[in-house]
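Some structures are shown below for you to check.
Heads up, the next two complexes both have subunit A, just with different partners, subunit B and then subunit C.
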Partner chain A sequence: MSEQMYIHMGPQHPVNHGLWTLKVKTEGEQVVGSEILIGYIFRMIEKMAESRPYDTFQPLADRLCYVSAMSWEGTYIMAIEKLLGMEVSKRAQYMRVIMLEFQRIASHFTWLSAYAGDLGVLTMLVIPYREREYVLDLLEHVTGSRMMYNYFRVGGLKHEFPQGFVNDARKLTYYLDERIKEYSAMLEDSKVFMLRSVEVGVLSKENALNLGATGPVLRASGVQGDIRKIEPYLVYPELDFEVPVRTGGDCLARFQIRMEEIRQSTHIIRQALDNLPPEGEINQKAPRRLPQGEVYFRTEDPRGEAGYYIIGNDDKIPYRVKIKSPAYSNLCLTSHLITGGKVADIPPIIASADLCMGEIDR
Partner chain B sequence: MTPIEEHRKQIQEKLSGKIDDVQIIADSRLEIKTSSDNLFEVMTFVAQDLEFPSLEAISGVDWETHFDVVYHIDRWDGDSTVIQVRVKLDDRDKSQVPSITSIWASANWHERELYDMFGIHVSGHPNLKRLLLPEDWDDYEHKHISELYPMRRAYTLPEKPFSYKPQPNKEV
Partner chain C sequence: MGYGIYEGFADWLLGLISDILPGQVEFQDSLRLTLIDSLEMTSILVFLIVNTILLIWFERKLVGRMMNRRGPVFIDFNYGHFFGRTWKFGLLQNIAEFLKFFSKEDIVPEKADKFPFNIGFFAFVVAPPFMLGALLPLGATQVIADPAVGFLLIFALFSLYPVGVLITGWSSNNKYSVLGGFRSAAQMISYEIPLILSVGAVVIVTNSFSLVDIAYQQTYTPAGLPFMIFMPIGFVVFMVSLAAETERIPFDIPEAEAELVMGWRTELTGFRYMMSMATEYFILLIGAFIGVSLFWGGAYLPFIPASTIESIPLLSTAILVVKIWAFIFIFIWVRAALPRVRIDQLLDIGWKRLIPLAFVNIFLIIVMFLMNPALFGVVS
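The block that comes next holds the complex of A and B.
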């Protein structure tokens, strides 16, 4: 038996993609134990939400995750609307779907770049960023900001799409579809990429559920778990799309799921653009006070299931806001995945979970 | 009978005496009220007999007179029901819930966060220590006891940013 050694990865380590520490206990090349330390950027966002009027928290909800700000503010706003019992117009709902799906694409591109870079395919470190920039340009054109949008409002959206948006958006979806084909070819034909993805970090269906995995990680393990289908919100029931599911449970399956999701997202956006109602109130008046009551609302974030548990107390300040982050559970389970594997498998496993420390530490 | 009504019926039949109340509070939201003594048994039933395989979140709520601990449990596989288990803890100073990490492994961090933010003790947890705050947070200089557990209502946000310094002569 070889000697045991402890390795500290983090808080500033290139594969961590954020500030957190991974303590690994090794025996030669084998990982025999691990511990994760988080909390480096803990900002008490939940407390901030409980200390200010409900409509002023939304820009902070953006800051939960810097790569998918739209989905976090969207989830917060929709949870508040559910608590208020508000219904937004069809046009606003379609516009929301378009923005959320573009955000999903941008988020998956960021992930792909980080994942391929960690695996040593450095060409793919920069290529997805080029395409992501086109998506961000479009989002900037609509909202005025590249990453922190502050575009959703209780009762609708901040303002209308700019002129020519529908055409630009449709053109972009076709362009992205072409690009995705190229990505898949570049990566799945790469020996290095496949060696470090196939049967690395295998997560069984039972473990995935028990460890609280959601989103692409859960679907890569063979569970049909997509909130857009299970508990539909907005106009998702009116749109035709598939939920990709793989049974491999390894890093390759998680990669394939995300690639397929980008294709499905472009498909959803095109349908939404076609069906976008020309008329409709997009910024309704909202009540000032939250009623007595509570709501647990969840949506499908690019990382998995994002949830807000909000308690209203007949006041404009929410009494309690609990944020359920998908990356929180996915980080917790990477500790289980890396134990028993090789040290060299740690980067692909961490990267395939798609972590975002902003929403984990909150 | 819709799935959620079936779940409610089963809970009413099998868990009578163990729970205080069970009712449908919204679309596909089923709430069970129970006490911390019966919590483990209720959770075992929910996980094994009702086949709810995944725990989503554990939230603490500070009502100033008492604490609530709220568990959200998910079904997946096409059933949108979320079971919400609510435990009321009357004794604020000795508030305690049993650990459910043996049922759902994902409870590990959620329970640590509950302890970290609210100071609710989780008995039987394999590794109950601070998660988001520093491990030696208790040794820092605190003006008020509520600063130990920042999500309690007594803790208010300070006017201006402040920094905590570890006590002198202490190895960190």
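The block that comes next holds the complex of A and C.
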């Protein structure tokens, strides 16, 4: 078994949560090299954005990532608003924060079940989906859709929250807090889980910065890189929350960061529900044309820094749209992380980066 | 060792035949013995196959409940609609799936080495566990063959299994299968040692390799308590090693579906795949047989005299079955709760933890045995 061979993981392989190929060069159980091949689901999203009126691209922005559609459409809308120089009302901003944080929770639950499933604990593959379902029910109650929400609008939101939403949302946050404790008991108290997570796929602080890690992966390596804090948008400065940072840089640190982020998100949602202004225009009129100029706007996606670079040309149609995907940045460094490890460590490392091929291939 | 109920059943059957047939019929003794033997063999085979099918159903149902699902629901007899719900448990799900697997095309991969792929699989993976059936006691006294080497023979047949896995994985000419096969070989060989060492302590105190004798000796311990009470370390080592030998979570490394797709089974299709999965459960069942006989007192219960249990027909079998299912429940519970360990961690656990523990266990048992042999049911 000392001779080297390539193992193809993908395009159809259980390790890939999406359509991509990981060519792993192995020597027995040891990984000596790897190569990432992507582009299987390239859909010309950026070109589509450049070939239609700016407000009609927003439903397509939902399609960038199937687990965090809300944050992608939100980022696009907020980038356009920055280009237009619009200011939305406080009420709309609070409502946006609530929706974005619920989306973050749903996305992290999906991540948790994928990670646990890759480690082989199939109970935790199924159970986080139950909790995610409650969150999606709530989002569906508001937007009418479980997946492709199409809820944000330039100048505000599509419509008001339905009746009883505030109570339901508050109840749900307390319920989720209880559940998170259960997950920690199930996973972090398990010796075998710790064996598979501690010191696996260690990303040092220097490497994290050099390789362009972002989001929870960056924060797990000891760098506080949360856009909500370093370049605040919406009403995040008015809300009290902490950004979890760990210095381990391993899979366990990434797991803990995401668990803590769910707790912080429920905390943010409760504050936003308390502070939600009762009055306020939530759907202002937007100008028809994008002005001359360029803008780069970034937000904290569940996966990290999500950004849009948009050039307006005094036209309905944006001149250029470029998308910065956090999953793409984190995908590049998985190749670095798995090299030198064992074949069996590939699934947890890849899962801990939280990839979403929809936004990587675009 | 009496034949128990088989003798009575054979006599009753022969009497029935002579009543039906006209005139006076004389049966030769050899016919009667053959009838007894075939009854035994049929019953153990039926018992094992039915229990294997039920075991798969039990695991799916139980793990389903633990995962907040229902498991198989639809394919079942029609029990009717009462107490406000339709009662269905999916009991026939596995039978339906077995039929489905048999109706599938048998695919041998084009690039596979045909001879080892065919022979290796059936001769070394499927056949040995079925041979073990003859050695299992189906109650207090019902056993087909009770050779002096007893479970030494069982472990010998067990150790053919990794050979078959390696041959199947290697000959299917698939990278996932090769890695799975090698993992399986490394895992089985390193866990056979703690498994046999943990059993060694039992052999030392009972001076026997026979599952029936060892189970029987546990009725002579204080209050008839099983050996598990007196050798907990040995029992834990045995359980962990058995989980590794049966390739179950947390030790299902050879078929780690996250990275190796289906491990050494990747190229098995249709009834080959079905046989390989059924064999895995078959081995778990046999492991439960051994564990129950060695550590849980076999077909006997504490505080109840052995003669009482043996005097009631089929009671000992019922006790054995309940114990086996309780034993298997532990494995299913562990499966629902734990992730899978890595191959190097697995070998670490085996060589650095379990083998020293097994030796500690043997040492402790020897000391206890020398101080008080009555503790282990030996009347001096």
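The criterion applied here is as follows: the second predicted complex is superposed on the first by the 361 of 362 C-alpha atoms of A that agree within 3 Å, B and C clash if a C-alpha of one lies under 4 Å from a C-alpha of the other, contacts with A are read in each partner's own complex, and residues count from 1 in each chain.
The rule is short, and it goes like this: contacts are C-beta pairs under 8 Å (C-beta built on N, C-alpha and C of every residue); 3 or more make two chains touch, one makes a residue touch a chain.
For clarity, every value in this text was computed on a predicted model and none was experimentally measured.
When the two complexes are overlaid on their common chain A, residue A:296 makes contact with subunit B while staying clear of subunit C. Shared-chain residue A:361: touches subunit B; no touch with subunit C.
When both complexes are overlaid on chain A, the residue A:347 reaches subunit C alone and has no touch with subunit B. In the superposition on chain A, contact of A:211 is made with subunit B only, not with subunit C. Of the two partner chains placed by the overlay, only subunit B lies in contact with A:225; subunit C stays clear of it. When the shared chain is aligned, subunit B comes close enough to touch A:51, but subunit C does not. Look at A:307: by the touch rule set out above, it reaches subunit B but stays clear of subunit C. When the two structures are aligned on the shared chain, A:42 is found in touch with subunit B, with no touch to subunit C.
Touching subunit C in their complex are the following residues of subunit A: 1, 5, 7, 9, 13-15, 28-29, 116-123, 125-127, 130, 186, 190, 192-193, 195-196, 342-347. The residues of subunit A lying in touch with subunit B in their complex are 38-39, 42, 44, 46-48, 51, 206, 209-212, 218, 223-225, 230-231, 294-296, 298, 305, 307, 309, 311, 319-320, 322, 324, 328-329, 332-333, 336, 361-362.
Residue ranges of subunit C in contact with subunit A, taken from their complex: 63, 66-69, 175-176, 179, 182-183, 249-250, 252-253, 256-261, 336-345.
In the complex of the two chains, the subunit B residues touching subunit A come out as 25-26, 28-29, 53-57, 59, 61-62, 70, 72, 74, 76-80, 82, 84, 104-106, 108-109, 130-134, 150-151, 155-157.
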